[in-house]
Structures are given as structure tokens and as C-alpha cells.
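Below, chain A partners chain B and then partners chain C, in two separate complexes.
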Partner chain A sequence: AARGCGGLWRRAWQRGAGGPAPRGQRAVACNARGGAVPAGKSGLAPWVPVVGLEIHAQISSNSKLFSGSQVQFAAPPNSLVSFFDASLPGTLPVLNRRCVEAAVMTGLALNCIINKKSLFDRKHYFYADLPAGYQITQQRVPIAVNGSLSYSLCIDNKMSQMVTKTVRIKQIQLEQDSGKSLHDDTRSQTLVDLNRAGVGLMEVVMEPDMCCGEEAAAAVRELQLVLQTLGSSQAVMAEGQLRVDANVSVHRPGEPYGVRTEVKNINSIRFLAKAVDYEIQRQIEELENGGIILNETRAFDSKLGCTVPMRDKEGKQDYRFMPEPNLPPLILYDAKSLPANMNHQQVVNIDWIHERLPDLPSVKRAKLVEQYGILPEHSFALLNEDGLTEFFENVVKQTQMKPKKVVGWILNYLLSYLKQHSLTVKESPVSSFLLADLLNLLEKKEISSTAAKQVLAELWKGEGKTPLEIVREKKLELIQDEKELEQICQAVIDGQENE
Partner chain B sequence: AALKGALRLQVSAALKEGHVTPTELCQQCLSLIKSTKFLNAYVTVAEETALKQAEESEKRHRRGQPLGVLDGIPVAVKDNFNTAGIETTCASNMLKGYISPYNATVVQKLLDQGAVLLGKTNLDEFAMGSGSTDGIFGPVRNPWSYSRQYKGKSVPKSHSEDEESNWVITGGSSGGSAAAVSSFTCFAALGSDTGGSTRNPAAHCGVVGLKPTYGLISRHGLIPLVNSMDVPGILTRCVDDAAIVLGSLAGHDPKDSTTIQDNFKPFELPNLTDVSKLSIGIPKEYHAPGLSSEILALWSKAADLFKNAGAKVIEVSLPHTCYSIVCYHVLCTAEVASNMARFDGLEYGHRSDMNKSTESLYAATRREGFNDVVRGRILSGNFFLLKQNYENYFIKAQKVRRLIANDFVKVFRSGVDILLTPTTLSDAVPYMEFIKEDNRTRSAQDDILTQAANMAGLPAINVPTALSKRGLPVGLQFIGRSFQEKQLLTVAKWFEKQVKFPMIQLEEVKRHDRNVFQYQKSASFS
Partner chain C sequence: QKVTVEVLDHLERLALVDFRDAEGVERLQKAIQFADQLHEVNTDGVEPMDSVLEDRCLYLREDDVTEGNCTKELLKNAREKVEEYFVAPPGNIPLPKLEERETFLQGS
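Here is the complex of A and B:
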């Protein structure tokens, strides 16, 4: 696998989004081309940032990883808590097959080796929202290892210049989510909601193959699309179904990796890019000012746009890992190893899951490019919005206009309308049918493209009129009768002459 | 009027034929519990629910539709099994007053088959101990302390002093269950067995104590000590009864992933007439330091018994036995440290008033809730699990455990059917004697002959064999192959028949109900 982008950062390199105000406008963009940047004016060797990610994806399943309680976002507090979830004495974990299948599916989609035998471990720490005093996870032998994920990003924010990169996936492990603690500072009390306690998580560990916020963001976005395509996680960051922690360090070229910090509390992809870039910049400044980087956990403050050390009174925790004695090793089968006498409801067959994997985003994009002759960057744009590809394909089916042109209309006009009004594709007042209708008028040269845009603006109001009705109402038809045109032209000329 | 009977041979038939009703039986047990209260065998007596259950059972019997052999049979359950609606304490301040919302699978199975649950029995706190002396409800007294057999032989002192200083311990940690069965207050009791906690008190109280194969009986609802070794144990007055209870409890439980998938078929024990095809192994390592000469003699007498009956009796070696206790100590404390982490005072159980911070609440709750033994094990367990110690202790102990288990595999592979060993090093010691040593020393000594079977997950049973010179019970242990309970119990039954262990002669039982004696011999299985 490709080892990072080798992008080099310099303090003085001023391009890109810009950092938070207190630190001056000095945050730097990534050199996505992958080439080395010559030493800066200062003559100092540039810095190499290294970014790795730990991503927790909540598994989309009806019930929790080890208990029968339901999984649901925003249910009334403590309404989805089984005896096991509350760690009542004497309760035992029972592994949810659906969660295993989701992890296998995800592992296969990320080109991992699926371990036919994986193990569960207990990770101990005391916390109010961890009722058992330990989390069941897969520390020794996780369910999937050694994968990779390819993702693309554009250079210098230009859609036309895309590069594809690969990040190695170290492992995917199954583990329990914790509950939620709500701190009431005024009454100095902590309220605990255990609805989330025990929900299945896949922890995806990405190797430190990235070098800037933009890359990290692009990798996570691609992972998100993969998970959503598979249905193994809904992966909505705002609902906490996808949580990203970034490990960031910087070092001089040729030198060993620097001390890394872990940045937490990142709750959108946009903030991920910001947080990583901020942290890189902070570390560079710290080091250039003769400071040192502490191996610490920092939280991203989205309001201030910076990272701050997290209070960690306990210091370094020793998690006292121990094999989970109540769960036998998780054994997976393939077509070859599947025992004949085994109840098929009781086993997970890797090959069976492999055969049923849906087209992954990369494949879908390639197919779009090939089938419709659209530009690769347009295929990215289509897949980036939930439902947009289907919308596009529906329009194409219903119109004579070339897909290449259709995609332009969708991305330039429809999508920007939706974005302006913060609507999803499904919520669009202009259906694929209406848009196809409109584009057909344009294609048949019954209206001009300027008029089409006017009609689209009318359609947006959602008054239930068809494009043709609007065209007629507003008299936007192109005049195709030569005589009529001649008459109009003559009239104009005559008018001129009279003056 | 059949209190002293065995389930299969007497009581069940008496119930079926209407000689005695479930309510009568239950009432008799309840009043006997009251008159033997000084034994401290029960932590909670569920009189009301028990009588209700008996009433239901009576209706079924009257309709001629009992749910099975156990219908109407009074049973007791160790207080580390969850029982819905009845307090489950583990004899710890941590769970004092805790009422579980669910039944352990084994408890549910007993109830589903019509058994009458009399109450919860005493134990060492969280089953950590070998004397049933270290729980918040105080020590359990061995019923044999009050038997004519023991009293007749103990050094005569002044009467009151005699009672107060000479009473002997039950062994543990399922001492309450063993005492309950031994004193006729119930017909069968559940214990738990992690290192010998069922077999040890069974030996000291002169009852049958069965530790089934790991995975044969569900642990769901058993408050764990060491998950990888815990097994619900069965205490009864005869081997046949143990087989009946086993049959009613064994089998896959979807709530316990470590139970076997295969269906379990309950079995009846044949009367073995020919033991000549049997190969009995005598593991020489069980001739352990501290083994009393009396028990040694009994052990070889038992071996001769088999030999004389035509069985092949051979000395075998389980070479890693001597490492078992140290290994057990590491694995046990590590799991204890982990299992006890949930008792933080937040969701259930004791919660300290200390509320300066969450951490101080945890610390105070756990200090107030656990006794020294539990806290000591938590501390050592956490020490063994520390990153810097894990390889040296936990991993090594796991490897030794494998060696110990392999010892048994090799011996059984060599053609040995059953191993015969002592269960304990000596007969029960007086309480005053017992508490001179700390819990850790005691546990290490007392588990020495029993806990290797837990390491290997094998079925093992204590069969009461004879009375010691002091008039106290001594038992021997049979260890069988994995999931070969039928063979193990069949041999145990044969042995039981040969040794004719004497019945306890308890003044309290006699005083309580003369009918008991009158009827118990006449009631027989039709």
C-alpha cells in the first residue's frame, strides 16, 4: 500500500482554508500532489505531518451487540436497557449474529483478511456510563485485519484535478458502545443514560498514512459511503453513529515519527479536516518555538476552531485486558470449512456474504463513468449526495438529453438549489420526472437554456405546475416558425428605420 | 412425613400416592428450618412463596398431573443464584437487600418442574472461601456438630462450652446448601463449584455433591466468581437424587454461550452389578501433604473395594497437580477483579453516602460493600492483570491450566474410566480452629484436591463414605470424563451402595417430628 502522501508542510506556506483567528491565518493546506515541497525561505527543513485515524462506527442492527435490547437513536433515556446492559450480576453476553455479519461485510469491503477465529477481551476502566466496569472488545485477535481503502480528493479545491490515495486498514474490531453521561454542573450531578450501552461498534483503525486534514476527511467520507452502501452502519456523524479520533504527529523528513497527540470530540467531516490541520499547525509552531509535544488527548473545540488538552486526572490508564471468559472464540466459516451438519442459522459464512456484497462506491462511480460517459469528478459528486445517483439515472431514463448534459444540470442547478435550502435529494420539490420534462423541452429546442433556468426557478416553488404549463404561462417558448420570426425581425427593423 | 427420604426412592412416590402432600412436606421443612435456625444454613426463608408453590403443586398432584419427579419437592438455592422477588445477597453488604428482577436459568428450571423453593442458603461472601465462615450473616454450623455420632465421641466438657466451642464448620463455600440437605430441611440444594465449593462442604456434611462438566448446566443468573470455572453444583442425600436434579437442569441455554449445543437426555442410573470392566485410576499426586492418615486409609480401602469387586485399579499420575493451587490463585483473582468491577454502587446494591466525586463514591462503596477477602482478591487480581505482569502471571497461569487439563486427558486416554481421590484432607475442623488461619491459607489448603477438576472442566462428585474417629463425615471424590456424567454417577451409585454411609442422628430432627422417623422407611418408590 502507498505510504502516505509524503506531503511536506512548512510554516510559511500559506494556502488553503486558513486557521483559526488566534493563531493567525497560517494553517496550511495539504500538498495533495504527493510531491516534496522545497525547503522554505527560512531554510529550515520542512515538516512531515502524519495522521492516523480510529473510527468507531455504530453497527446498524435491531438489537445490541450482546443483548436483545433495541437500538434506536434519541429514545427516552434508559428505555432500551436490558438486565445485561445494566450489568446486573449473573447476566451473560450473547453475541448478535447480525453485528458479526456487518463487521464481516465491512471487512470484505475494505479488502481485509477476515479472521476465521477471533476473540473477545475485557478492557477495564471505571466510568459511570460503563456499568460493568469493563468494555467487551477485541484486543488480541480482531475479526478483520490488513485491509485498505482507496479514496480520492481534489487538488487545490479544483474538481478537475483529482488524485486517488490509499490508506491501510490495520484492523476492524467488534466492541460495545458505552452509555452516555450527562453532567449537570449547576447541581453537580451526573445523569447516566444506558440506551447506547452495549450497542455494537466496529472500530476501524486506519494506519497513519495520511498527511493532512483534507486527506483524513476524504478517507472518512469514503468510509462513510462504503458503510452506508453496505448498510452495516448508518454512519451519520451528527447522530454519533460515526465517531472519529485522529492521531497526529509531525517530524522532519528522514527522522522518526514525532510524539503524537490524539484529537477527540470531532463531530463532522468538516471539523475533522479543521481539527487535524489545526493540530498539525500547533505542533509545528510548538516545536519551532523550542517546545515539546506531549503524548496527550486533546479535544477539538468547534466554536474556537482549536484543540485543547482534555482533563485527564487519572494519567495513563492500565486497562488490564483479560480474555472474556463468557464468550467462546468467534468462529467464522467459508464454503470450504463449513461443516455439513451445522445449522446454517447458527453460522456465519464469509463466502456467502462476499457473494452478496453490493457495488461499492468506487465501482458505482466507474460504472457511471463508463455507462453514461460522464466525467469521473461528476461521478464523485453524484455519489456524495444520498440518492443523487438514482435521481440522475431516473432523469436520464426519461429524457433524450445526453447524460453528460443532464449531470451538468443536476450538479450545477439542482444540487446548488438543494444546498442553498439545506434539503436532501429526497426532499427536493423538483422530482426527477419534472426535471426530465424540463430537459426534454430544452432538448427539443422548445425553450432556451436561459428559459429553462427560469422554469426551474418556478418549479422550485413546488406549486404543482408542469414545466410546459410554466413555459406557456410565461410565454417562454422559442419561436420556431420562420415566417413568424421574419415578421418580428421585420417589425424591429422597420421600427429602427422609422426612428 | 417423609422428610428423610430420597427423592426418587421415597418422597416422589409418597407425593404421587398421596401419602404426603406438597403442602405438608413444605410445612415440615419450614418448621424444621426454624428449629435448626442455629445452623445458620439459610439466609432468607421464602415461607410465603414456598407455601404458595406447594399449594399449586398440590393441585397438580390432585389432578394427577404433576410436572415431574420434582413437583412438590422442597429445594434450597445458594444465595449467589438470582431469584426473582427473593433477596439475593451473596452474603455481602454489597448486595444486602438486592432483589433481582430475574431468575437464574437453573432456578427457573426447578420452578418450571414444580419444585418448591424454600429459601436461599448461606455462603462465604461472593463464594470466596472454603468454610462458609466469611459471609456477613456469620458462619454456617455443620449439622453433624449436633449429631449423636459426633457428640458421643467428642471430648466431654461442660455442656454449654461443648456446644459453643466444639461445633465444626461445614466447609464451603456452599456450606449453607450442604447443611440444609444434611439436616433434612430440604431434599436437594443448589450450590456453586469453582474450586470445590460444592464437593468440599458435601464431604464435611455427609451429602452427595456433584460438580457437573463445565458447559453442561447454564451459569446464567449465577453471580460469578470465576466464569471459566464456575459450575452450578447439586447437593442431595443420594446419588440417584443428584442424577434426577442434574437431568432437570442440564442442557443448552441460549442465555449462556458456554453451554453445550447438543441436547441433553436425562438418564436413570442403572444398578451396576459388574464393575470388572471398569478401570479406576488412583492419582498418586492426590496423596497430598496434610492428608490425614484416616482419609488415606479410607481411600485405599475404597480402592480395594473396587479391586475386590473385579475392577482394574491402577495408580496414575497427574504430574502438574502440585501447580494447580498457585495457578488457580492467579486465574481466580484475575477474574474476580474483573467480575467485581460492576459493583460500583450506581445501578444496584450498596451505595456509599460519600458523594464528593464519582471516584470517591466508587472507592467508599467498594470499601464498605466488600469484606477483606473480596478486596484482597480484587487487589491481587488487578495486580496480575497489569500490563507489566500479565505475561508473567496470567498467561503463565493459563498455560499451566492447559497442562493440568492435559494431564487428565492423557490419563483418560490411557483407558482409565474414573479417578478416585479424597475430597478433603481431613474431616471438618471446629470453627475455633478454622479461623486461626486466614481465608487465603484455608482456601489454598482446602481446594487442593478439588479444584483441578475445575481447571479441566471435568465432572466430579463427592460421595459420603464413612465417619471419622471423631464421628464426622468423610467423603471420597470421583472424577469422570467430560460430559460422561452417567458413567460417573453410575459408579458413584455403586460405591454408595457398598459403603452404606450412616444417617445423621439429629436430636432436633427427632424432637421436631417423630413421624419423620416413623415414615421415612416405609415410604418407598412404587
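Here is the complex of A and C:
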């Protein structure tokens, strides 16, 4: 598996007015084979883009990281806030075991070393949605380090050739989420809701092994699937359960890394790819025009498709990290180090968790390919849509048609229909039972493939008719009777002769 | 070694403390000297300790909802509120630069 792509960039268009990248200009994808890209007609030397990611995933738990208030999206403002969350004096943090388990599961799934002893620290800064004036995090010794995540990309738009890449995971740390600020510019004030303050987060730091928006997006997508499979986070970006910040820089081959910028305010995986690619191009243009890159934080503007410097930046922050005095070290155990007399509610056993990890997406895909003889790219497409694998397997169980053929019907017809109508698999008007029924008619050669498509179009209406009923209604049966076929052919031939 | 004006200004900005006068700065200076005595101990090969509680067991809570639902009580602490939100200024108001504010540190 290639680490990073060694992809080299060239300025892909004429210098514009300095605005956002021209639309319709498809960003040049990294050279997946990692070879040098020649300088080309313009004679410009290539650039090497470098992309790292900091991902915050909200832990899926009933209560918060250090307090017993509820974790829930969209509740009345300040209704899910305990005295500790509001930082009232005299309150103390109490660690939630479920959050520790979620972090251990995630660390194991990402091939990390789990630190049996990890520490909590305070990171200080002032902001209205951080009532304590500091965030409890794990800066010195986080719960997991040195892992990796493999993800796949298709080279060419054809989805026919997939290449596997790996990104190193620097660390995973437990930390508190902050509250939410709603800016009211008209009245020049900020409204603060602390419902989210104190919710548990896993910060996953990915090393700068990626080289373009497509790789960053694919890595995050795979992480999202892993988290959802584990259940440690629901990782829905739209609900703020998965937030991604990108660190981007460019340099000439052989030279040290360039100054990096941090890009925030990325709200979807699609925008992640755009934001990263835009920032790479912006930096290249800036440097080629003799400018310099500032080590700054920029926000992605999804409407304009560009990054802009974030206002309210008070220069480099000094967070004055200090150990969290109210929390002793977090000790984790395994089968060997398990103390004999301890209350098991107080014990987190890494080996116990490891034994119970579910099949990760990469394993599920390999099993699908092996069991059903489908192509790897099909397994990706099946896992990419919630409930689709299950649907596929249910159809296969109920039909004689070969899985290789079934998967074509599901990916080309079922999935595209669902996408067109913005439906999830669960909302499909065509159930696996109905589809299997239809495919059986096709398999038994009672109808043609064209007829089958017509029946499917009818089935989408969800009128409760079975495939067989539709076939009869529309007279789509294939004629099997040889005599009848002979008569028809003869009639056609006779008709031709008369002309 | 005395603490420089730059560091004092940096601290005032980061922690929003006000050293107010020579006595305040002197108190800080003495506190640092007191802590510096730690350097006299040879700590080669000794793991740093951040808390005398380091051998205590970190208590783990069950993931149950046991708190919250006290919006009214919490909002009693708010100087200003809008519906059930706390009201804050539009953004951080950073301390003015050393030259631009009235502080004892300017004279130093």
C-alpha cells in the first residue's frame, strides 16, 4: 500500500484574477503510481502537496464525558447541562466508562498501540462557549498512538481500478466538546447554548500522508464507516458528530515542508475534497507569484468554493497546558495485568474489547468478494450505502440468479433510482423480496432483460402489484412456443417479400 | 532573573490577571523563586510526578443520564439572556496592546 501518493502538481490553468478556481476545471488527480510528473509545456517545476487531518468524532454515549447530563442533538437550549458543564464552582469531572471503551475500540480498529496509562490535561483559552476557560483533553499521553488506516481510491473515473493507500494515525485522544455559539450580527451579540459542552470527543490525528482532496475525502469516508461499524460514533457530519480540519502545505520535491495553513468549517466529505484542492491551488499560485504562505487558520466558504482567512485570530495561541489536577492517570488493563480483586465496573480490559470487535468494513468487503464472487469495487459500493449489503444478501438468498448478476441490478438500477429520489435503502418501495421475484422471472427466461427493466419501473410506483402481475398486465412474457415464433417470423419474411 | 515586561504582558493577556503594581509583580517573582527550589533536587532517572493523587484509582462512571434539566436555575446566573440562551459579546475582546492600555507595566 503506497503511503501518500508522491503526486506532483502543476499549475493547471492560466493565472486568473486571483479568485476561486475556475469552475469546470477538474482538479488534477494525484498520480497514483507515485511516479514523477514531468514539468510539461509550461516548463514549471512540480509541487508536492501535503495534507494532514484532525478529525473530531463525537462519542456515541448516553451521557457526557465527565458528567451525567444527556447527549442529544437538537434539544431545548441549555436543558442538557449539569452544574459541572456550566463550570459552577465546586464541581468535579467524573469519567464515563463508555467513553473510554469507545476510544479503546477505535484505537484497536485503527491498529494503534493503546496506552495502558494515559493522562488528562487542561488546554486554556477564553471563549464564551467554554465556560471553564479550559478544555480537558489529553495532550501529553493520549489513550492511543501510532496506528494506521487503509482506504481505497479509484484511479480513472471508471470505478474499475482501485488502489489502496494507507494513512498513519498519529494518535487518538479523549477530550470535551465545547458549547455552541450562535452569532447574532444584527444585535452584535452571541447566544450560547451549553447542551454540547462536555460531550465526549475522540480526536483522531492523521499524519500528513495524503496529497489531495480525493485522498483526504476517501480516508475520512473510511474512518466514518469504521466508526459507524464499531458504534463508537455515529459520525454524521451534518449533525456535527464528525468534524474535520485540514492542514495543507506545498513544497518542491526534495525540499523541506512548506508553511502550512489550517482549514476549518468543512461540513461534508464533498466539501472536504474541494476545500483541500482549493487551498493547494491557492498556495501554489501564491508561491508562483512570488508571495508567501502565512501560518494561519482559514475558513472554507462553501458558497464561493474558496478558503478565506478567519477573522478574530489573535495571533498564535498559547494554551498553557497543565496536568488536570482533579483526575489521576487513566489505567487500562489486559488479560495479563488484570488485578484479581477489582470491581469489574472499574476495569476496562483491552483484550476483552478486542475479542468483541465487529468485522471492520475492509473485512466485510473481502468476505463479500470471497463469498459471492463479486468485484472489489462492487463491495465498496455495497458498503457505502447504509443497508445495501443486507438488501443484496437478502435478494441473493431468494433468487437463483448468480450474485455477480444480482449486484449489477442492485447497483445500476436500484441504487440509481434511490439516489434520484433521495431515498435510503430502508425507504425503498421495492423490497428485496419483490426484486428477487423479478430476477427469478428473468433467470427462468420468462421475460427479457428489457422487459424486466419495464417491470422494475412499474414496481417503483409501489402499488403493491407483484412482478408476475405486471408482466401479465403489460403482456411482457417471452414467447416460448416454437410454432408461434415460426408463424411470426414467417409473417415478417412474407411482409418483406411484398415490398 | 527577573520576569520581563514581555512575559508579564503576555500573562496579563492570557490569564486576564492584573499585576496592578510593583507589589503584585514582586509577589509573582517570589512565587517563582520559591518553586525554583525544585531545581536543586537531582531528579535524574525519576519519573515526574504531577499529583500526589497519582496512585489513586480513577473512578469510572456508568453511562447513565443522571443530571441536567435545570435550565431555569442555570439561567439565574446570566446577566443577560435571550429566550433560553446565555448572551455574550459578539467575539472575544482582546486586551489592548501594552502601549494602548493604562497599566503599571508600561512604566517598567
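Observations, loosely collected:
Keep in mind that, in the parts below, the second predicted complex is superposed on the first by the 465 of 499 C-alpha atoms of A that agree within 3 Å, B and C clash if a C-alpha of one lies under 4 Å from a C-alpha of the other, contacts with A are read in each partner's own complex, and residues count from 1 in each chain.
Here is the rule we use: a contact is a pair of C-beta atoms (placed from the backbone, for glycine too) under 8 Å apart; a residue touches a chain by one contact, two chains touch by 3 or more.
Given the structure is predicted, the values throughout are model-derived calculations rather than measurements.
When both complexes are overlaid on chain A, the residue A:Leu414 reaches neither chain B nor chain C. Touch criterion not met for A:Ala452: it reaches neither chain B nor chain C.
In the superposition on chain A, contact of A:Leu191 is made with chain C only, not with chain B. Of the two partner chains placed around the shared chain by superposition, chain B and chain C are both touched by A:Pro328. Annotation for chain A, partner touching more residues between chain B and chain C: C. By the document's definition of touching, of the two partners only chain B reaches A:Pro89; chain C does not. In the superposed model, A:Tyr134 lies in contact with chain B only, and not with chain C. By the touch criterion defined above, A:His124 reaches both chain B and chain C.
Once the two complexes are laid over each other on the shared chain, residue contacts for A:Ala219 go to neither chain B nor chain C.
In the superposed model, A:Ser63 makes contact with chain C only, not with chain B. Residues 83, 86, 88, 94-95, 124, 126, 128, 190, 192, 318, 320, 325, 327-328, 346 of chain A lie in contact with chain B in one complex and with chain C in the other. Note for the complex: chain A touches chain B at residues 83, 86-95, 122, 124, 126, 128, 131-134, 190, 192, 318, 320-322, 325-328, 346.
Residues of chain A touching chain C in their complex: 61-63, 67-70, 76-84, 86, 88, 94-100, 119, 124, 126-128, 181-185, 188-194, 312, 314, 318, 320, 323, 325, 327-331, 345-346, 348. Contacts from chain C toward chain A in the complex involve residues 10, 14-16, 50-51, 53-71, 74-75, 77, 82-92, 94. Interface residues of chain B facing chain A in the complex, by the touch rule stated above, are 81-82, 88, 90, 95, 100-102, 104, 219-224, 226-228, 254-258, 261, 334-335, 337-338, 340-344, 346-348, 358-359, 362, 382, 385-387, 390, 394.
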